[in-house]
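Both complexes below contain chain A, partnered by chain B and then by chain C.
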Partner chain A sequence: VSAALKEGQVTPTELCQRCLSLIKSTKFLNAYVTVAEETALKQAEESEKRYRRGQPLGVLDGIPIAVKDNFNTAGIETTCASNMLKGYISPYNATVVQKLLDQGAVLLGKTNLDEFAMGSGSTDGVFGPVRNPWSYSRQYKEKSVPKSHSEDKDSHWVVTGGSSGGSAAAVSSFTCFAALGSDTGGSTRNPAAHCGVVGLKPTYGLISRHGLIPLVNSMDVPGILTRCVDDAAVVLGSLAGHDPKDSTTIQDNFKPFELPSLIDVSKLSIGIPKEYHAPGLSSEILSLWSKAADLFKNAGAKVIEVSLPHTRYSIVCYHVLCSAEVASNMARFDGLQYGHRSDVNKSTESMYAATRREGFNDVVRGRILSGNYFLLKQNYENYFIKAQKVRRLIANDFVKVFRSGVDILLTPTTLSDAVPYTEFIKEDNRTRSTEDDILTQAANMAGLPAINVPTALSERGLPVGLQFIGRSFQEKQLLTVAKWFEKQVKFPMIQLEEVKKHDHGVFQHQKSASLL
Partner chain B sequence: QKVALAVLDHLEQLALVDFRDAEGIERLQKAIQFADHLHEVNTDGVEPMDSVLEDRCLYLREDDVTEGNCTKDLLKNAREKVEEYFVAPPGNIPLPKLEERETVLQGS
Partner chain C sequence: AAARGCCGVWRRAWQRRARGLASAPRGRRDVACNARGGAVPAGKSGLASWVPVVGLEIHAQISSNSKLFSGSQVQFAAPPNSLVSFFDASLPGTLPVLNRRCVEAAVMTGLALNCSINKKSLFDRKHYFYADLPAGYQITQQRVPIAVNGSLSYSLCTDNKISQMVTKTVRIKQIQLEQDSGKSLHDDTRSQTLVDLNRAGVGLMEVVMEPDMCCGEEAAAAVRELQLILQTLGSSQAVMAEGQLRVDANISVHHPEEPYGVRTEVKNINSIRFLAKAIDYEIQRQIEELKNGGMILNETRAFDSKLGCTIPMRDKEGKQDYRFMPEPNLPPLILYDEKSLPANMNHQQVVNIDWIRERLPDLPSVKRAKLVEQYGILPEHSFTLLNEDGLTEFFENVVKKTQMKPKKVIGWILNNLLSYLKQHSLTVKESPVSSFLLADLLNLLEKKEISSTVAKQVLAELWKGEGKTPLEIVKEKKLELIQDQKELEEICQAVIDGQENEVIMMVLG
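Let's look at the complex of A and B:
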């Protein structure tokens, strides 16, 4: 579509308007918390002026994007899907948002998520759950919805996965060309797998977290969601690099790259970690994983089984470290400087307590309390420090495997395809997160880059993705392999009625569905 | 092994967040049970890991003022303010003791 903009086949304002009206007609997905219609149109107009002068800022100029609602966006409400921040208008842009705007991207709005990014379904935010666009696809309806219920849209819809579900749904339903998510335990890759889009988790330290409301400072990264791997590379190129405002970004020079079109995987060594054959892994996904391994074998790559023995402890480890960091990070929400403030006025402490009581949901409160428990003097050594030691063991597992000559790891992203909402809510948030994060969490523990590539449709007509994990800061190699794989599997396009109605060729055409 | 009432109370005071109901307390119990699995791992001789970037030096910039003068913007988001001050209710007043508070812990 970027080429289309350059050639004048479509203008930024047209593109923006089409996306905005598509957002309106897909409102039932509940993917967006805030739609910044006025500012988006203004940005689109500015972009149009630049194109007319023949001076676009780059590939992203005029491209509609969406941002997860836990990134600060100047002048636009940032809520983290929580009562604690309802009405909070950010006074500044997160670095990644600023970078996108500086490239001329058009910010359509903020997307829905689990409250404070805690969750794996995008169901626990105060604005309600996000619906997976595939629930309304012809592919799902044909396979899963019995004829007699075909009028009742409401009972069979499936979750998006989380916590960046809104962003994934927005990209999947064509309302934007790229979206930002965040990834702490799999929050970008999980919904990417369920919504059939590319979800990239960059190496920790590559992209600035300044302005991303933190969950776990040592594991959070901004995530990138797009419809194809090339697009993810483009967005990565505009976001990566040292930020003086985030001292956890590395100082090495980052060179944006373009992925080759002819890719030869025969010199690669692909590792298949046996522990990722986790209990509960659906036989469909297991077989897709195996077929994928064969694809690489047949192309001449060396495919070997490897072992990451501490994988099964990554969830427990995450549970302790995450709640400990959350207890610390959520301490800033006291009602004094921003956000919700209770009317209770007896004392500072009671005002703080009441504010937090009113502002946080059960999940957040639960994590704060367990975090504080693990950080108590009598528990610090046994839980927090212990978890940090286990973290090193997990990270070392990866180091050993990569040192032995393996270039990329191939694993499933999720245990199954998306489940219906009515099923999903039968288990509580912590149980769900424990189950759903098992395949994605370890990469966050070790800070490694990982990407979900949509692979095939399940028997129920829903997307299933596979995950590639790479070496630190080797995003180019990771994305190259992902692109090769993407070309091989030819994942089908979602067939959504709403998109068809709004499209006059811009969205449906395969080439223009993506940036490049 | 249930968590002592005194510890639960202490947590509510530290976190300034309440358990709300019996379910909240149950949640903590389950969280601790789950975390206990960590003890299955042998970590003798292993150093705790704070950050995956531990082999690198953190970036420290020059101690020069590069931004600021945004008082108005920052005050916009506060509900109670007077001139350029954030206003808080009186401090140094401890939260009521367990016996005096209305909390689910009373019944435990």
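Let's look at the complex of A and C:
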């Protein structure tokens, strides 16, 4: 598309309008919380002027993007899908948003999520659940939806995964070319896997968190969702590097890179962590995983089984650390400075209590409660300190494996393909998160870069992805391997029938387009 | 015995070890003394005495252009909420960025207080809900503070006689960097609370002093010395009235050879004078309470300066659990010295302890010693010179410009200048008589052109600040001593001539 823009085959405004109309026709997906039509068109117009002058700002100039609604955007509502921040308009842009805008990207809107990114289904936000675009694909319908029950055909739609489900759905339904998510325990990779898109969680500290409303500061990373690995590399290049506003970012400058088109994986050593053969892993995914390993083997790479013995403690440990930080981070929402304020005004304390009860959903309140419990003086040693030690053990597992000569780890991203919403809500948020984050979560504990690459369709016609985990700050190697793999598996294109009906022309033009 | 208070005993303990170890005299503290430094009459229990124990927690606002973790300005009495960045208001998604200047100020202060500087210190969150704490937590250094294990020597006079100065030492437990809170204004009539966040996030150094003091006077002297040190370093303006220096006192009393008593914490003390009063009151109150068979509660009390007493503060949330947690958005604070400084490090990016140490200005104690040595003045006079802002400079300027001996100059400065300024509540800088004018005047005196009585008369004229020089005043009022023998004889003759009868009477006897 970037080339098409440069050559004038399509103008930024046309592109923006097409995306906006696609957003409208896919409104039922509930991927967007806010669509910033006016500002997007204005940005597109500016971009068009630059192209006309022959001075575009770069590859991203004029490219329509979407941003998860937990990144601050000046002038556009930032809600975290919570009553607490409904109507909240931030006075500043998150660093990542600013960087995208500075490079001419067109911000279409803010995408849906679980409230404050706490969840793995994108079902627990105040704006309702996000629907997986694949629910409406020909592939899924042909295989899974019984034709006879046409009256309740709406009940078969599957979830996107989460918490960046809105962003994944937005990319997957072609309403934008790239979207920002956030990834604390798998929130970018999980929905990417379920929606059949690329989801990159970079190394902790490579991309600024300034302006990302935190879930767990020590694990949060802005995530990148795109249609292909090359696009992820482009977006990464535009976002990565030191930010004086985030003291946890790397000091060195980051050099953007392009991925080679001819890739040789024969000198690589691919590790297969045996602990990722977790209970509940579907046989489909298991066989896909071993097929992928064979692909590498056949290409001359060394494929070896490795062990990350502390992986199984990861989720429990995460639960403690996450709720502790949540309890702390959410303390600022007291109704005084911004956001929701309750009408209860008997005393300051009762106002605090009512505000927080009205503003947060059960999931958020539950984590605050347990987090404060873990941080109590008498519990701190037993929970928080222990969890921190376990975290160190988990991180050390990775260090040992990489030190032994392994370059990249290959694992499944999720235990199964996406579940129908009606099934998903049978379990509560905590149980779901525990199961769904199990394969993605350790990378956050260790701060490592990881990527979901869409691999194949399940028997039900739904996307399944595999995950690559790389060494710290070795994004180039990770993405190169991911690109090679992407080429081998030739993941099928989504065939969105309903959208096609609405937007025949637009869709045909756009569906295969990537950024480059 | 009554006159020999804790101070006297302490002095002897200290004089034997010129700069003794802080912990050395601990055993000597079980000496009967009360706030005034006198022994306390025996209590009902039959034990002879009570030992008061005083420790201090001092918050010094760091003098810096911007706040500890944000770029907003630091300024006293600016319009409400005019100095508030997004971070200070705790807008979601904002992150702290440590201000290097604040770190340097804390290192300087730590060095000046003989602390060991931790090359790696950590930041923590301390949680509590309060309207002027927008994030719901304060960023502080609970686990590993920036400086630990220091000491502060201070002097005070015994029995109100300035000539009997003793030097004591209080151990400094630690210095930690932390954020200041905002200010809440409670409007009770409209039952509103107004919040001003100008102060929110300003850098503080919390200096924790061990309970090595035993009365208000000692605490006051220690705080005064600390204040001078901070002002000399420039690390804090340390003006108590503007809240740049806030002192909380922990006070308990116990019998000799027994464990420390239950302590109370006294807050709301806004001058050094009140600090001494508050502590002495509290010590007395605790002793009375215990003597009457009562109990001391571990509580926070406020000093009421109008009533001159301490009163229990309404405990906001009872026993607080601050739920401390490491601050995840700030990496450990790493400081370097010449040895550990990496070669390829950008010097703008690092704080070098040795570099700061080499550039420390003369501390008050050194300045005093130099004054005593250079000018031959009494040690206690050197204290007075340093205690008044600008007085040392004034003194030195006068000395430079006159032939009069410094020892004599100091008398004029202390007895005349200072007492006049005190009477009129003026600072040295506001003095109507400049060092030039005083030097001119003292020169006239030194050259014997005027008598010292006349000099005082001229000084009285100079206070009026009419812009006349001492010489002009002397000429105008014809006050000069007569140097000419002949003129003097003529005057005498004229007097004698005018008083013929008296002369005759005298001659006749």
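In this section, the second predicted complex is superposed on the first by the 497 of 516 C-alpha atoms of A that agree within 3 Å, B and C clash if a C-alpha of one lies under 4 Å from a C-alpha of the other, contacts with A are read in each partner's own complex, and residues count from 1 in each chain.
The working rule: a residue touches a chain if its C-beta (ideal position, glycine included) is under 8 Å from a C-beta of that chain, and two chains touch if they have at least 3 such contacts.
This structure is a prediction, so every number in the text was calculated from the model and none was measured.
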*What is the contact status of A:T39 with respect to chain B (first) and chain C (second): first, second, both, or neither?*
neither
*Using the touch definition from the top, say if A:A94 reaches chain B (first), chain C (second), both or neither.*
second
*Answer with first, second, both or neither: which of chain B and chain C does A:S247 touch in the superposed model?*
both
*asked:* For A:S269, using the defined touch cut-off, is the partner it touches chain B, chain C, both, or neither? Pick first, second, both or neither.
replied: neither
_If we overlay the two complexes on their shared chain A, which of chain B and chain C does A:D362 touch? Say first, second, both or neither._
first
*Scan A:Q495 for contacts with chain B and chain C and give back first, second, both or neither.*
neither
*Have a look at where A:S282 lands relative to chain B and chain C in the superposition and call it first, second, both or neither.*
neither
*In the superposition, chain B vs chain C on chain A residues touched*: B
_If we overlay the two complexes on their shared chain A, which of chain B and chain C does A:K377 touch? Say first, second, both or neither._
second
_Output check: A:G447 vs chain B and chain C. Expected answer is one of first, second, both, neither. What do you get?_
first
_Please report the chain A residues shared by its interface with chain B and its interface with chain C._
88, 91, 218, 244, 247-248, 327, 334, 336-338, 348-349, 352, 372, 376
*Which positions of chain A touch chain B when the two form their complex?*
88-89, 91, 204-205, 218, 242, 244, 247-251, 310, 313, 316-317, 319-320, 323, 327, 334-339, 341, 344-353, 356-357, 360, 362, 365-366, 368-374, 376, 382-383, 385-393, 395, 430, 434, 446-447, 472
*Where on chain B is chain A touching in the complex?*
3, 7, 10-12, 14-20, 23-24, 27-28, 30-32, 34-35, 37-41, 43, 46-53, 56, 58-61, 70, 73-74, 76-80, 86, 88-91, 93-95
*chain A residues touching chain C - in the complex, by the definition given at the top*: 71-72, 78, 80, 85, 88, 90-92, 94, 209-214, 216-218, 244-248, 324-325, 327-328, 330-334, 336-338, 348-349, 352, 372, 375-377, 380, 384
*chain A contact footprint on chain C (complex, rising order)*: 86, 89-98, 125, 127, 129, 131, 134-137, 193, 195, 321, 323-325, 328-331
